[in-house]
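There are two complexes below, and they share chain A, which is joined by chain B in the first and by chain C in the second.
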Partner chain A sequence: MLPFKLFLPESFEEAIQLMKEHSAKPISGGTAVTTLIKERIFQPTAIVNLRKLERDHSYIREMDGEIQIGALTTLRTIETSEIVKRDLPVVADCISKIASIRIRNVATIGGNLAHADPDLDLPPVLAGLDAHIDIIGEEGERSKNIKEFIQGYYETDLKEGELIKSIRIPVSSDRKGIYLKHRALSEADWPCVGVAAFMDNSPGSIPEVFINSVADTPIMRIEGIEEIFSDGITSELIDKVGELASEQCDPIGDSRGSVWYKRKMAGEFTIRALREVTGVGESLI
Partner chain B sequence: MNNYIEATIHEIEFKVNGEEISMTIPANLTLVELLRQELRLTGTTEGCGVGVCGCCTVLIDNKVVASCLELAVNIDGKEVLTIEGLADTYQLSEFHPLQTSFREYEGFQCGYCTPGMLISSKALLDQNPDPSDEDIREFLSENICRCTGYDSIIMAVKSAAKKMNA
Partner chain C sequence: MSTQIPIIEPDRKVEKTSLIGKHVLRLDGESKVTGAVEYTDDLPFEGYYAEVIRSNVPHGEIVSISTEAAESIPGVIAVVTGEDLENADWISPYVGPAFRDQPVLAIGKVRYVGEPVAAVIAERPDIAAVASTEVVVKCKKLRSVTDVVKARKEDAPLLHESGDSAAIFEDLAMVHHSEEPNVAYAYELNVGDLEKGFEEADVVFEKNYATPMVQHVHLEPFVTIASYNAAKNSFKIVTGNQTPHFVRREVARIFGIPSSKVEVEVPQMGGAFGSKTYVRIEPLVAALSRAVKAPVKLRQTSSESFDTSVRDGTQTRVKTGVTHDGVIIAQEVEVIWDSGAYADISPRKVKKAGYTAPGAYDIPNVRVISKSTYTNKPPGVAYRGFGVAQTAWAVESHIDDVAREIGMDPVELRIRNITQDGGTYNGVGIGIHGAPQCLQAVVDEVDWFGTKLEQPSKKHIKKGRGIAVTLKTTITPSTSEAIVLLDADGSVNVITGGTEIGQGIITTLAQITADGLGIGIEYVNVNTPNTNSAPFNTSTTSSRSTFHLGNAILGAVDELKEQLVEFASEDLEIEKSDIIVEDGFVKTSVGNYSISEVVASHFVGGGGTLIGKGYFSTKEGRENRYESAFWMTGATYAEVSVDTRTGKYSIDKWVNSADCGKAIDPVRCEGQILGAAVQALGHTMSEEMVFESGQQVNKSLLDYKVPAIGDVPKESKIIIVESGDPNGPHGAKGVGESNTVTVPPAIGNAIRDACGARVRELPITPDKVLRGIEEASE
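Up next is the complex of A and B:
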């Protein structure tokens, strides 16, 4: 790696100050940033390493109707947490499908979400659960829904000098969801396409579907499901939503599949996820 | 673009294979570089350099980590286990049962992936002393071997588990 200056603050306030002083980017687990530096896509002059904030900001707390997770909590800690496994099993399951254990032991939830790679597994699940990102900056703290937080290709709502402090995920026994990850290469690979489907238990409720890896953000919401299911849900209508997913996505062909294949898979996995979450039609998983 | 930048220098204290070490290192040094170049612990190998292949796996505070992606400054205050220290973790033997089993079952050919395989297998057996074939496959699916075809590795890990549970 080319040389850079590194600072090791012990609090968010200190980190924000250092970022400003040295025009520095933050790193947490560093799994994404180190790769970019090694590939010379990113050539930083200064970096603020948040690792020492782990002491105070690695936690999973049960709050009023939601679970709050500190930005420096590793993906592995979240996936193995008894609280998360009990109250947010779809989150634990989704995280267990990300990369490998040796990456999840180091990668943090804050770094994961700030990375905003369109192929990320977790954002569609957090979108289905209506998670909020708590942001800290020089001017104080604010909060943003994950759907507005991730704005485009590696783009987030974070302003210069702002950091993710924690995320909050509502817990509701009335909402169920599933995440299906289709890998075209190895078990530990990024998704070819990943589909999250969520639905409330109340009668007449309409499912929502979010897909990664097929658009410029990891949260592509399928539009028009309400109209298709307006008179009830059947497996023929679920197939229709699958077609809608194929039509609405805009993938890039790469080693994980051509544009044609990814569109096909977006449709197919939407159908599978919807059959699971609605209980309509035979299970395909 | 940033060639005129000088890396900051950091003092770190840590343990490698039980030995306490303190040294000063530049910010842009990775853990695998620290191990191989500074400490001459060349058992840990670097393959892909970007977290994918598993060759460079070491334990930090008993957790598997890709040493190619970890900045060396981050091991300050921590304990690292590399392949050189594996045998000493088991009843002061010359070889760890995983090492003898890999030899018995020909769990390696060129050997490049082997240090990472052994360290990952140790982490697996620490948390699951009696793994099924499926458990082993799943845990080691994240370590790539271009020689063996994996079957002999799985047999070796099973046999090591048996020896350790005896």
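Up next is the complex of A and C:
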């Protein structure tokens, strides 16, 4: 590992100041960043470690109609939280499929979302739930919908000197969703393809589908579902949406699967997820 | 009669304490579980740190290496290049167990991406790391080959001009490069009349199979500390290495000094699986230490393991002639090994794995062609299974293909053709090996012929089952020696060159020693090796340690017993024939004495040490000293569910059997069997070094996936077969590799059975299975 300066601020304000002064990159759990540093893909001169902010910013709070999670909350804390398991079971389930318990014990929700790796499991689920990211910077605080927050290949809406402070996820007993993670190599692996499907309980509601690992962001929304399901939902029409997913995605072939395969899987898991949330057609899981 | 020995009542109770076949908790278990154990990297160290600069082109002429910028960084002691070593009068900088084809640092040419080109030595690791980025290597690119077919074409760029045997091992004394371009070594075996065999066959079937390069993924990466002593012109090397005596010899040779001036110490190792054999980074670190006349430590990263040693990829063609009633009468196997840029031990691998390429079957007409090919990739070395894992992938998949061709149950075909204990193999006699018992054990366990798998209610899930069996040699010829020191308090020190890689050899040897002397295991200490005191041991490889070191220890124990009898006879003035040593006691006509009493009373001055020496060499007492010292055999049954819409499969159940000869400790044998199987699960499901333009693109454990606990089949049965090896200690033999060999083809066969997809190239990814399903339905 190449050497770098390491700072341990106690507050967001201090962290932001240090980042500015030293053109430093923040880390929280460090699980994503340290591998990049070790592999020398990323060679920082200074790092601001947010660990000490855990004291004030590791929390899961129920607020009016929302659950607010502090940026320094570990994935494991969220996954095992009674509140999350009760009100956002799809989130707890999705997190339980990320990496391994050892990683989840240190990886934080803030670090996870700021990482913006197109293969991340959680963003499609948060997109389906319409989560908001609370951002803090020198100029104050602002908030962004997850769908606009993640902008491209490892790219977010965070400006220089900004940090994620918390995320807010609306809780609604009317909305149900499912996340299906397809792993090609090992049960502890990143997804080959992951599909989240969400739908409101109200009559005539149209499901939404978000897919990771097949585009330059982890949130690829399938467009055109409304038209297909305009006259109702049938198993044949779900297959059509599957085809749409295969067409719309733009995967990169790698050891987890060729382009051919990933396209097929985007379609297949879209079908599976839709059969589950709509209750139409035989379950394939 | 000596009055010093207290006479014990003749009716004193003597308990039988056999430890053989019992489970003994690992003596190093607690230190490992608590993290207290010290690996090379944990040892206190004072000295300099090295960092390696590696080639980023697959094949090139080194034009220049600029070191000034790095050297000017405060704290940098030196930058050493291959040219420096070539010009030094104190080193001859080429190494290798078969050919001396590998430079300690690249000299003139680089032959693969990741090859060490220079090294920075600095006061601190971070300074070395920074300085390493300042070393600029300029190469003129040469045409490269990364494919074994292209490498053997007439116009292929040659990696090496010539190659003569390093003449270290007698079985490799005559090896030389082939005439064919880039073929490091070609082995051919001809048994019977192949053409006639094919003519007589009712069906002749031919197919190709392949395996990719993979890496061992030992959790402890390569770490070596070398300390050059200028006053004595000697070296102390502390390293994670499975062959300390080879390291000593090779380091002594390159520096032109006697091996007594090279002390090699091997602490506990965090895994190796064949990767840490012969020499790896030891000559480099020794050379760096010699260059700066100070201790130097090199600790590589896990990613650098991929640059250092890998398992050869293979492309195998198998052609089989069989009768309608399932008698295999002819088989031709051509295995082309992708051995990377340096031969390392490839010639032996090509020979040994070539010899058993026809699998566990007794076939009258056989031809094997086995060629190790140089390519511009990291060097292929030994890996658990020593090449048989690759050849068996081909042949054990092929047997199922053949069975299907003639409409016979694949296990039936195996049973009809398997070589028998004491039968013939490749046209010559073979001893007791246990292959039929291993196969039978899994067949019986799952009632193969009596049951049919029930298909799940979900239509897109298909279940299937498969079996594979193996026969593998162990390294032969080889030698192991042991010294057993018995102290006056009855405690024992065992000194050997055997290394603890995690396999549990320390405990097994303690068990054999304690049992031999009839003392409690808590009295026995087994040392990790230091070549200054440890007698010769060929290697801790090829699952040979329990067999060879165990035999050597039994010899040493016998020597101790003889001395005890002599002492007792002298001191008690009775005939030797009236004395036996048994169950920790010297039993005589006048009473039983504990062995410590006999030792203590024989010596004066507060103590004394009895020295027992023993050795085992495969040269002794055998008709053909090149025939494998013992045979490793095993079988795997796998039951899978394939999701036919995604190609993803799960292994619902597996049964692994292996012949241990005699299980000294059944639990540790089970550990070896399961460990071998799980490691092979990686080769089956996910492991593959992916190269693009000669560059490995998944050189990190984030993308190179080894199996996780969730991948291990939940229903698992291990069967220990004990065929009793006539030459093994208590009948024991090695068991560490059989199931590395059998797991991939058993799973491949099960997938074929489940859904019709026959994947012939490892790893079996869902992508390939889905393609296979689509092809099968076309």
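The rule is short, and it goes like this: the second predicted complex is superposed on the first by the 285 of 285 C-alpha atoms of A that agree within 3 Å, B and C clash if a C-alpha of one lies under 4 Å from a C-alpha of the other, contacts with A are read in each partner's own complex, and residues count from 1 in each chain.
Assume a residue touches a chain if its C-beta (ideal position, glycine included) is under 8 Å from a C-beta of that chain, and two chains touch if they have at least 3 such contacts.
This one's a predicted model, so the numbers in the text were calculated from it and none came from an experiment.
Engineer: Should the superposition on chain A be reported as showing a clash between chain B and chain C, or a fit?
Structural biologist: With chain A as the common anchor, chain B and chain C collide in the superposed model.
Engineer: Would you sort A:Thr45 into first (chain B), second (chain C), both or neither based on which partner it touches?
Structural biologist: A:Thr45: touches chain B, not chain C.
Engineer: Does chain B (first) or chain C (second) touch A:Leu2, or do both, or does neither?
Structural biologist: A:Leu2: touches chain B and chain C.
Engineer: Is A:Met265 touching the first partner chain B, the second partner chain C, both, or neither of them?
Structural biologist: Touch status of A:Met265: second partner only.
Engineer: Let me test your reading of the model: by the given contact rule, A:Leu284 touches which partner, first (chain B), second (chain C), both or neither?
Structural biologist: After superposition on chain A, A:Leu284 lies in contact with chain C alone.
Engineer: Which partner does A:Thr35 contact after superposing on A: first (chain B), second (chain C), both, neither?
Structural biologist: A:Thr35: touches chain B and chain C.
Engineer: In the overlaid three-chain picture, which partner chain does A:Gly257 touch, first (chain B) or second (chain C), both, or neither?
Structural biologist: Touch partner of A:Gly257: chain C, not chain B.
Engineer: Per the contact definition in the header, classify A:Val106: touching chain B only (first), chain C only (second), both, or neither.
Structural biologist: A:Val106: touches chain B, not chain C.
Engineer: Taking the superposition as given, does A:Ser186 touch the first partner, chain B, the second, chain C, both, or neither?
Structural biologist: both
Engineer: Looking at the overlay, which bit of chain C runs into chain B, 673-681, 691-699, 727-735 or 763-771?
Structural biologist: Only 673-681 shows clashing C-alpha atoms.
Engineer: Using the superposition described at the top, list the residues of chain A that contact chain B and also contact chain C.
Structural biologist: Residues common to the chain A contacts of chain C and of chain B are 1-3, 35, 38-39, 100, 186-188, listed in rising order.
Engineer: For chain A, which residues are in contact with chain B within the complex?
Structural biologist: Residue list for chain A touching chain B: 1-8, 30-31, 34-35, 38-39, 43-45, 47, 49, 51, 76, 99-103, 105-106, 186-188.
Engineer: Okay, in this complex, where on chain A does chain C touch?
Structural biologist: Those in contact with chain C are residues 1-3, 35, 38-40, 100, 182-190, 192, 254-258, 260-261, 264-265, 268, 284.
Engineer: Using the touch definition up top, name the residues of chain B that touch chain A in the complex.
Structural biologist: Residue list for chain B touching chain A: 1-3, 5-8, 10, 26-28, 30, 49-52, 54, 57, 63-66, 69-71, 73-74, 120, 123, 138-139, 141-142.
Engineer: What residues of chain C sit close enough to touch chain A in their complex?
Structural biologist: Against chain A, the touching part of chain C is residues 126, 129-130, 133, 301, 303, 458, 460, 645-648, 685-686, 688, 690, 698, 700, 702-703, 705-711, 765-767, 770.
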